[in-house]
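Two complexes follow with chain A in common, the first pairing it with chain B and the second with chain C.
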Partner chain A sequence: MLMFLLRRSLVLSVTLLVISVLAFLIPYAGEGDPARKILQARVNDPGLEPAQVEALTRELGLDRPIFVQYFDWLKQAVTGDFGFSYTSRTPVGELVTPALSVSITLALAALLLALVFALPLGIAAATRRGGRLDNAITFISQSAVSAPEYWVGPVLVLVFARYLGWLPSGGWTGPAFIVLPAVALSLRPLGYFTQVTRAAMSEVLAAPYITAARSRGLSFPVTLLRHGLRNSMLPVMTLFSFWFAGLLGGAVVIEVIFNVPGMGRLLYTAVVNNDVPVIQGGLMLILTLAVLINTVTDLLYSVLNPAIKVTNA
Partner chain B sequence: MTRILWATGVALLATTLSACGMNTGTGGAAAAGGGGHLVYAEQLAPAAAWAPETDDAHRLRRAGCLETLLGIGYDGELEPMLATEWNQVEPTTWEITLREGVTFQDGTPMDAEAVAGSLNHLLEVKTPARSFNPDIISKVTATDESTVQISTPEPDALLPLRLASPNTGILAPKAFEGAQIDIQGTCTGPFTVTEEVPQQSLALKANENYWGGDVALDTAEVRFVVDGGTRATQLQAGEVQIAKSVPVANLSSLEGDTNLEIPQIGLPRTTVMLLNNSRPPFDDPLVRQAIQKAIDTQPIVDGVYEGAGTPAVGPFRPDSGWAPEGAEAISANLDEARSLLDQAGVDPEELTFELQAYIDRPELPDVATVIQAQLAELGVKVEIKSGEAAALEPSWLEGDYDATLVSRGYLTDMADPGGYLLSDWTCKGSYNMAQYCDPETDRMIKEAVALEDEAARAEAYREIAAKLNGEAASIWLQHENAVWGTQAGVKGFQPHPLDAYVLTAGLSLG
Partner chain C sequence: MPSLTAPPPTTREPWRRVGPPSHRPNIFESLVRGIGGRHWTFALGVAMLALFLLVLVLTPWIAPHDPAIQDLGNRLAGPSAEHWLGTDHMGRDVLSRLMWGGRFSVTIAGITLAICAVSGVILGALAARRGGWVDELVMRAVDVLVCFPDVVVALFLIALFGTGYGTLIAALTIAGWTPFARLMRGLALEINAKDYVEAAEVLGSPKWFILFRHVIPNALPPVAAMSFLRFGHKLITVGALSYLGLGVQPPDSDWGAMLLDAQPYMERAPWVGILPGAAIFLAALSVTLIGQGLDKKKKSRRRRSVASGAPGAPTPVHGSALDEGEAL
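== the complex of A and B ==
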């Protein structure tokens, strides 16, 4: 276990270093002069004096060689200091922290919602393979997987906010505001979770230990809960962590439609404004979290199934 | 295991919920007393932490917090606001008399010292405002308790207009004490900011000591809603009472809703097809004029903008005072167009050019398609290239394009188009995208902006506008409208020609 942790830490450090290079460079991939775009974000008139653009380029040190900029940035980044937003001149941390907590809330709400429905659906489908129920559930899960968020979002708004008036259409000032974006975000993971649960459960149900458990006189529901569920949870958990990491910064469309001040919207605005430090800090944080979540999932594997040796993970 | 997963999930959710400071309210528009509570959906969240030299000042003014020394009336004329008099006592000195008895929202007096401090802050910032910066303003001094003197390096006839720009809004000394601008209690306007949720909203309450009289509403909220469709939906669902910039695409459904009013107002903004004057084919005025004669603007306004605009009569709106009198919108006359091309020695069938349209304004690619179809009737082939404005912009500045569609505002921070003419239509202008260079026009523009008399200046601008349009320096297509949306119960709201004011003392819920 100790060796495993050491090895993982080493891999983690190398991965983070690679990520830092990516996070640093990606904002420079866009077109247009960075200083110009920053100034245009501050004043909505594109007619800028060249002297003003040059002065800002110098002030922000954008005229230095890129590797010098990278090492300066990295030195600060390891202390958790990602500098100041170009457009608002506020520390990046002050912008990213609240946005990240919003995104974590939204992602968890969406994924838990997906699990609540996916587990029973997946199990039901697996226990009645090939039957009418299985077909219906496969149809539902396929539809959920194929429903694009940019379509589901507005439809939910139209029905529940506009016509029924039950829920607010956008914003983030109370629990009621989580419902619609969480439902919209939960559909695709719901579909995938259902499919994976069904597949894993089908495999487990065919395993000899299930027959053995049944022959010991255990009832079907008890066998399912005690032996089946636990063993079929591994792929679901992998998928859960994958989606969780992805949704932290990847819910841009939903965050914009529902006016949710999360990481996706923050990064979207930062990209539009060419707010390089915010893009870099935000990306670094999201990618680091993704890597950490992955590592934690690997560790949890051994808890779920001690037969999996951590050294091989 | 599922139990463990569940327990962990629920605990995490609870922790993050409390970490986001979520309350249990629904955040809707609940009446908070006699005057009630109004929610206004603004388009963009502040990008620069309320730095007054940036566009954030516009948002703070619309929120009813920030006020300027001079105001711009709904008729576009200057009017007294925090100052009651302004006189040019010497060619390079203006004397401003402050309104008596005005206090900031935190109770401190708005005296000459405070006003001078607020304006001098603008002269000290790293990237100053274009309307008020050290190049055009020497210093601001308080000469007595209620008088401020502003001196300029050159005589500046536009100074009163500068003092109506939101960038020169007056904030209390406390606003500038920290690393960032503090907007709570430091304004003079009818609404005091009580809470800011970053990127989300501003909570406001009526300023009981407002110099302009009683404020009808009790409280208000400004919400920053980026997506236009979401703003429209929130308006229809009754979650907001006033929405800014309703997208043209939502017009038909909103106009059919009897609970809503959709007022429109002409903006000082024109959609223009810029022609690159520096290289063939558009370095030849005859070719430019021929293209102008082949385009009909009414179908663009009706078809693409759903009527939310006016066919252009040149760079400036017909009602702006800067458009030549009797100027008419262009309409297609293919015979004349052919004859012009003939004079230029150009065969229309041989003429092909690329037309850029940026997707940041979703209507522009549609406009490009209409123009493509109209010019096809003449035999001219148009290839459309679309992309993001930021990606296309370098080619405009370098003059490496044929034609491009641009939506351009001609009054950005001052109610005078001189700055626009200088930057866009002089040889060395900083935003001369059309690569237009005519010494005569240069002279006319430079002389016009120096004229002190407003009427004479307007006359000079009319001549310049007529010259530019006559030469088809570019093809002005339509003057844009701002589309607002309000609930029918909202009283006292009127769209402002410069989008200057929304939450005002007189605004009420009827």
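== the complex of A and C ==
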């Protein structure tokens, strides 16, 4: 266990180092003088005085050796200080924090919705393996994982916001605004959760202790809930946290479509506007969280299921 | 007394096949044999994919209109004899644009998939074969990269290098090889422990020969299943990036870009905004059906071998929906 922790923290720090170097290099990559590009992003004016560019170069210390610049930048970055957004002139931290909480809300809503439907579907399919119900559920899950959310989303808007007028088409000012993006986002995880539940459940149902429980006189539903569910939930939970980590910054398309002020949309608009500090801060946060959440999941997995040792991971 | 039979051929390379080659089924034979005995959805997937590929290959000859020709007097027209699927906001024929756009979507997804599969298989096999620090390096890279959402990686690369086909393909490859490497490593470890590999080693076969003659061919079926499953995922991601205006750039257009163009006209002409998405959906569905059909056969076989094996041993879940669920 200790080895696992040591190894994983080593991996984590190397990853963070690599990501930080790449994020730091964003303004330097490509052609052109970084100071000129920063000014252009700030004032959105192609005609710049050379004196202005030179002044900014000196002000930001861009004439120093690049290593010195990197370590200075890193020193601030580890305290969470990525500077000010070029476009809104607010500190990156003040933009990122609310966006992250919005993304967490949306991701949890979508994934819980997916889970609520996936568990019964997966269990039903597992208990009727090879039957008509199983085939139908498998086909539904296959369709769900193949449905692009940027296709489902606009169609949902068309039907429920435009034609029926039941729900708002975009924005984030109340509980009603969560429904459509969460539904659109939940479809693909729903398919995967169903498949994993079915696979895990059918494996568990074939185990001898299920037969033992049944022969002790336990009814099938009770066996299912007490023995089956408990033992088959581990892979589903792993997948859940995997998707959760991914959706914190990866729900870009849905957040853009539904105008949800989350991490994905923040990062997307920053990339489009070349708002370097926001890109750097956002990327560092999203990728760190993704690795961290998955590491914790692996750890929990071994705690919850002692049969699987992490040392040979 | 001289022996009547010819002496066995002496060769420096005893592991090479001697004697007449045995009949090995070609791809077509195994495909025909493969469809039989599988679920009908597998056959449906094969038929759908074949239809898609046929139409996309023949597009230059069968597309009814030039996809770029505008007819502003006939904007957002509904389906008609002239324009089977109507026209878009610039009066361009939707069917022709779907056909030409599909060529971009499918080609980019195919290229990235090929790079991911080949590099993943090689790295996974290498990790299993070499063990030690190579294994450690590859698998730790997998652990980290597998958590990165494709779209975020793409945004990172676009911030660094700008948009373009190179960026697009790189973005889908950086994290995309990891499921293949993980799958291949597991399979290779299983295969490396087999008697025939030991026999080949005793015969003095070089490592590369064992890799290409024994390990990779025996790992192909699950790898093929995963390739199909990942192909659908790639199609969806390519479309997502194009939808954001960060993938295929104008004047080129793919299904995702067509969806983006159609957004302002969803209410007036819903088909313009629904058809390209339906194309992505159906194409992704076809490969998902194929992939899971292949996977299912493999699993039922494994289940039998597990049942006869040691009881209580946890079965490794490689190539299952869990790996495939790592699709963001």
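As a convention for this text, the second predicted complex is superposed on the first by the 236 of 313 C-alpha atoms of A that agree within 3 Å, B and C clash if a C-alpha of one lies under 4 Å from a C-alpha of the other, contacts with A are read in each partner's own complex, and residues count from 1 in each chain.
As a working rule, a contact is a pair of C-beta atoms (placed from the backbone, for glycine too) under 8 Å apart; a residue touches a chain by one contact, two chains touch by 3 or more.
None of these values were measured; they are calculated from a predicted model.
Colleague: Between chain B (first) and chain C (second), which, if any, makes contact with A:S146: first, second, both or neither?
Modeller: A:S146 sits against chain C, while chain B stays out of touch.
Colleague: Mind working out whether A:L158 is in touch with chain B, chain C, both or neither, as first, second, both or neither?
Modeller: Both partners.
Colleague: By the touch definition at the top of the document, which applies to A:V222: first (chain B), second (chain C), both, or neither?
Modeller: A:V222: touches no partner chain.
Colleague: Where does A:T238 make contact in the superposed view: on chain B (first), on chain C (second), on both, or on neither?
Modeller: second
Colleague: Looking at the overlay, what does A:L25 touch: chain B (first), chain C (second), both, or neither?
Modeller: It touches chain C, and chain B stays clear.
Colleague: Answer with first, second, both or neither: which of chain B and chain C does A:G249 touch in the superposed model?
Modeller: second
Colleague: Is A:T173 touching anything from chain B or chain C once the two structures are fitted on A? First, second, both or neither.
Modeller: After superposing on A, A:T173 lies in contact with chain B but is clear of chain C.
Colleague: Taking the two structures together, which residues of chain A meet both chain B and chain C?
Modeller: Residues 30, 154, 157-158, 162, 256, 274 of chain A touch both chain B and chain C.
Colleague: Show which residues of chain A lie in contact with chain B when the two form their complex.
Modeller: By the definition above, chain A touches chain B via 30-33, 36-37, 39, 41-50, 52, 55-56, 59, 87-90, 95, 98-99, 101-102, 104-105, 108-109, 111-112, 115, 119, 154, 157-158, 161-162, 165, 168-177, 229-230, 233, 237, 256-259, 261, 265-266, 269, 273-274, 304.
Colleague: Help me check something: in the complex, which residues belonging to chain C touch chain A?
Modeller: Contact set of chain C toward chain A: 39, 41, 139-140, 143-144, 146-152, 155-156, 158-162, 232, 236, 239-240, 243-246, 256, 259, 263, 266-267, 270, 273-274, 276-278, 280-281, 284-285, 288-289, 292, 311, 314-315, 317, 320-322, 324-328.
Colleague: Across the complex, what residues on chain B touch chain A?
Modeller: Its residues touching chain A are 1-2, 5-6, 9-10, 12-13, 16-17, 19-20, 22-28, 45-49, 51, 53-55, 58, 126-127, 129-130, 179-180, 197-201, 223-227, 229-230, 233-234, 236-239, 388, 390-391, 393-394, 409, 412-413, 419-420, 423-424, 429-431.
Colleague: With touch defined as at the start, can you tell me which chain A residues reach chain C in the complex?
Modeller: 7-8, 11, 15, 22-23, 25-26, 29-30, 135, 138-139, 142-143, 145-152, 154-155, 157-158, 162, 188, 192-193, 195-196, 199, 203, 208, 235, 238-239, 242-243, 245-247, 249-250, 252-253, 256, 264, 267-268, 271-272, 274, 276, 279, 283, 286-287, 290-291, 293-294, 307-308, 313
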